[in-house]
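Naming follows writing order (A, B, C, D, E and F), and every chain is counted from residue 1.
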Amino acid sequence: MPILDFINITYVSAAVLIIGSIGIIALPKPIDKVIMFTLLQGGFLGMVAAAKYLDVAMAVALFDPISTVILLIGITKLDEIRKKKQKQQSQEEGILA
Amino acid sequence: MSASVLVPNVVSPVVVSLYLPAIFTGLFAGLIGLLAITYQKNDLHTLILTDIVGVAMLIIVAAVGTDLAESLILPGLVVELAEILAISEILMSREMRKLGKTVELVPLPLNLDMEILDTAPTFIAILLIAYGAFLSGFTGGAIAGGGILFYVLSKMTRGVPFNIWEGVAGVSGIAWCLWLIGFILFFIAPDYWLLALFLAAFGIFIKVTFKVGLIGVLGREEFKKDKE
Amino acid sequence: MAISKIKTQITFLLLVKIKMNLMANILLNVLAAFLVGSVLFGLQRKIIARIQMRPGPPIIQHLLHTFKFFIKETVFPKTAAMPFYIVITIILCAIWVAAVIVGPVTEGSLLILFAIFAIHKIVEHNAGSSSGSPYGKLSCVRAVFSAAAEVPLFAVLLIIYLQTGTMNLSDIIAYQDSNGALLFSIPLAAMMFFVLILSKAYYYSPLNITMGKDLVSGFETEHFGMLRGFMMISESIAWYMLLWIFLTVFIGGLTPIGYIVGMVVITGLISLIDATTPILNPNHSVMTQVTLAFIGIVGSIILIFYL
Amino acid sequence: MDFTTLGGQFLGTIPLGDIVLYFTTFNLFMFVSALVFTAIIAMSKTESQIEADFGTLKDKEKKVSKAEFKIRRFLAIICGLATAGAMITGDVFDYTLFVALIGIVNIGIVAAVKEIDVLEAAFQYGIIAMIASLPLFAGAAFILASSGTISLLEIINIPTTTMMFFGSILLFIGVAGETGVAPFFATKAELFRTAGSPFLVIIHLSSLLIIVRTIEILLIINKPF
Amino acid sequence: MRLGRIWNKLATPKRIPRVFSVILAIVLLAGFIVPLTYNDQQLYPRPAPQLQISEQDPLAPYDRGGVPLKEPGIVKAQYPQYAPMEGMVTGYLSPIAILVGNTTLYFGTSIYSSPGGLIDEILYYSRGFDTVLESTILMMAFVIASWVALHFTMRRRED
Amino acid sequence: MLDVYVWFYTGVLLVIIGSIGTVAGPGVRDPLVRTLNTEIPAIGVSLIFLTYNHTIALLTFIGATAIITMILLRAIVRLEEMGAEL
């Protein structure tokens, strides 16, 4: 079966990467984007593993959670600021009304 | 292991055949980024978009595909990183001055009860710093620095004394001097090349690590200051 | 043994003689540059005055002015950036003496002359801003602004190189001896260089925004006494050197009389333009130069490669 | 084709591994003048800028504070040294790095001021400097890819190809962006409105000298004959 | 006057980066047309991608031969005459690196980026001056950023 | 050997998709979204580095990307908090 030849680590991770990147661009919510970003990183890890550079894969694996956590912290903080601003705005409008 | 596997006479045909596609990719990405900057009115967005221009630069340099090209990528990376840092700081300072100090918002507690922030940092940071120390040089510095950054960002409480800051800056200055001594030693006394190598590698390592750690301190001021 | 000793002694003496000759040559050239430059400035003033139906000062007025400043009291503003404020005049003097050495004396590389011109611009900024006076500061900002005039300058350099294949003044003169004056083969480059000279003209130039009359004396406003005297000497040398470069590069090896005639003609032409045109808005002055440079570059490249 | 047609007498080289610094009369002159300026700047005080106040007869004095003075002097000295280095280096990539260093230090010299307009100009200048790192390094990479070397002492013997020409155009644009010459001068003129002239002058000194040197490098890379 | 107005517009700081990027974009467009020919006679060439790792070389992808502290590795530098210890840095492996290299096949990158190895030879020795500059660039950027941060952005209440 | 081409062209694809997405993707007027999108070309570049076996550069790049993301996020949060209108 020629199709089965395509199910190796390189092709699968290529597919995952492309799905992840489309997901990041297409999904509107930041949290969803972060989830798709993990997919992207997973695909990249697969690629590095296919290239047999174990130490690089290790570093990638270590940095993945760091990027994700940094993004999460940023998003939560930003979300909070935006909510607070909205509240203030609506309060001000309420006073005006 | 034959010598041609170690170092060939000419660049391999694979790299030659990939050169044009890679260059076109780089030019294309650069073009898109530049056009976007042309239409962009928001300064913050311009700053983010210059990241893409930097990516284009890295691709064009990497496409040469020799060991020399690889060692030229590292300066490019460092320059990008350094400039983004300095310019974002200037942008913030400018906006602050423009708005005056009245805009400070009422601090609200930030609830970040993520499991990963309690258990992971120490472990990941130790792993990264150990690995970075093993690697040494720029790479090691970036990796160990990433570890410190992460640890500082997620663990410690707020407040960085002025003195500590200056101390850290001093250490990295000394590291830079170590590196310079190593560099000069290579040419003045080639017999001590091993010592020079170690001075250089660890000088750079310490320098980059501490600098990256500083970013973590800067970042903590942002994200953690409401937790006091 | 003895013979070799004598030989070394002779070579040493010869070297000393060459050095002495060189020194004398330099001194003579610097002196000539200063005198001719000052008189040319006076001439410029005279011509402008005559066009404006005024009697005008005598032709040696600029020279007298220069000497007069040396017997005046030298005062330093309290707000000045101290060593800098003084050293800058010395630097100005030094670079133009260096220009004379590279130019008429040794006929060295054209690139060095342009480097000297670049440093002259720096001195303009610095003399302007180091005093703390708002006039000087404004002149400094304008000098930076008019740095766009670098573009025609470097374009001229490139075009000359494309045409002759060398940067050495002696080689350029030799090239013109065999192939005819560059003025006719690359006229647009000559035009650009002329615009550059025009932008450096001392009195009422439409392009010289750093010395516009709205800024009193531009970057020199706060320099008095000796310092001002030195600055005026260097400016005279600078004017002489600019004209010298123009004549040498575009017309070729002239006799001293030829140089004097050429300089008087160019000065006359520039005075005519100065007297009849208003000073431009800084921004427009700069962009005029850039636009002219653009035309000059494109035109010259077409002329060189397609004709 | 050799260095003597461009810069006069060839005076010697300083080899540091693959990077070879070389001196001609021209390079030496520029090197020395950059160093002289740096030395003077290191010694100078700043001026205090006097402006008239609106509405009263009083003057307004703008001074540079002590902390600001220190950092700006430090950066100005670094900038001067970098300029001096760029004058004598014989390696294209090394040269681009010098230019990048000058770019970032220039931003730093004005980043320490308090005027919003000047900060705005510094920011825009910074953005240009960042964009310019693309043509700068890419130009060097193109020259490397087509000629196989980035040492000027070797390139001078290699016939010019179209790709090298393209690379050198990119290099020129990069230098123009990093140092802020015409027609991108407007940001730089704004920078000069603040007090502290000795440090500001190094910004422009570096860019002018760099441009003169770039002309030399472009002529070394592109041999029209 | 039209031209005057255009000139005025060009001189606004905010517009300059945009003008610059337009010009650069036009030049980059020319890059698609220019004939780009890659010269395969390069300095420091490297084997074909993945060649060393598929030959089960424990030091892949940076193995350039040489015996630690005894025999230099193979390096094709620009000026071998200016680098008396050429190849020694490439051939050097730290004791830990030798240990790691004997245990596993897939740690070549780590081994060769600990002191020694080809990239270190280029970065610290044959092109060491570049590294001086780039670390200076990094240092200057941090000096600027931390100075601005310390004096302006962080101490908001003072000043 | 085919693997090399797969890595390379996936990288190229990611760079192109990513840069277009960053420039004109949905919702990029939000700086946060734009910063997240720049991660895609970063991964693309990493793949290109992998193709050429620039592994040390790759390691450094991975570290640097995380740091750049952090710097950009910091700027975004801070500016948003100030309510700056750029």
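The criterion applied here is as follows: contacts are C-beta pairs under 8 Å (C-beta built on N, C-alpha and C of every residue); 3 or more make two chains touch, one makes a residue touch a chain.
Small disclaimer: the values here were computed from a predicted structure and weren't measured.
Peer 1: Taking a step as a move to a touching chain, how many steps at least join chain A to chain D?
Peer 2: Minimal hop count between chain A and chain D: 2.
Peer 1: Keeping to the contact definition above, tell me which chains border both chain D and chain F.
Peer 2: Chains touching both chain D and chain F: B, E.
Peer 1: Average the CA atoms of each chain to get its centre, and name the chain whose centre is farthest from that of chain B.
Peer 2: It is C.
Peer 1: If you average the Cα atoms of each chain, whose average lands nearest the overall Cα average?
Peer 2: Centroid comparison flags D as closest.
Peer 1: For chain A, which other chain has the most distant CA centre?
Peer 2: Most distant chain from chain A: C.
Peer 1: Name the two chains that are joined by the greatest number of C-beta pairs in contact.
Peer 2: Top-ranked chain pair by contact count is B-E.
Peer 1: Find the geometric centre of each of chain C and chain F from their Cα atoms only, then give the gap between the two centres in Å, rounded to an integer.
Peer 2: 52
Peer 1: Roughly how far is chain C from chain D, centre to centre by C-alpha average, rounded to an integer in Å?
Peer 2: Centre separation, chain C to chain D: 23 Å.
Peer 1: If you average the CA atoms of chain B and of chain F, how many Å lie between those two points?
Peer 2: For chain B versus chain F, the centre distance works out to 14 Å.
Peer 1: In angstrom, rounded to a whole number, how far apart do the mean CA points of chain A and chain E lie?
Peer 2: Comparing mean C-alpha positions, chain E is 28 Å from chain A.
Peer 1: Would you mind listing the residues of chain D that make contact with two or more other chains?
Peer 2: Each of 16-17, 93, 97, 100, 104, 107-108, 111, 120, 127, 131, 134, 142, 144-145, 183, 186 in chain D touches at least two other chains.
Peer 1: At least two partner chains per residue is the criterion; list those residues in chain E.
Peer 2: Answer for chain E, listing residues that touch two or more other chains: 10-11, 17, 21, 24, 31, 36, 38, 41-43, 46, 49-50, 61, 108-110, 113, 119, 125, 127-130, 133-134, 136-137, 140-141, 143-144, 148, 153.
Peer 1: What residues in chain F touch two or more of the other chains?
Peer 2: Correct list: 1, 3-4, 51-52, 55-56, 59, 63, 66, 70, 74, 76-78, 81, 83.
Peer 1: Using the touch definition from the top, list the residues of chain B that touch chain D in their complex.
Peer 2: Against chain D, chain B makes touches at 19, 26, 30, 34, 37, 43, 46-47, 50, 53-54, 56-57, 60-61, 63-64, 68-69, 72, 75-76, 79-80, 82-84, 86-87, 89-91, 93-94, 97-98, 186-187.
Peer 1: Where on chain E does chain F make contact in their complex?
Peer 2: Touching chain F from chain E are residues 46, 49-50, 61-62, 108-109, 112-113, 119, 153.
Peer 1: Within their complex, state which residues of chain A touch chain E.
Peer 2: 51-56
Peer 1: Chain D touches which residues of chain E in the complex?
Peer 2: Within the complex, chain E contacts chain D at residues 10-14, 16-17, 19-21, 23-24, 27, 30-31, 34-39, 41-43, 77-79, 82-83, 125-130, 133-134, 136-137, 140-141, 143-144, 147-148, 151.
Peer 1: Flag every residue of chain D that touches chain C in the complex, lowest number first.
Peer 2: It comes out as residues 4-8, 24-26, 29-30, 33, 36-37, 40-41, 43-52, 61, 181-183, 185-186, 188-189, 192-193, 195, 197-198, 200-201, 204-205, 207-209, 211-212, 215-216, 218-219, 224-225.
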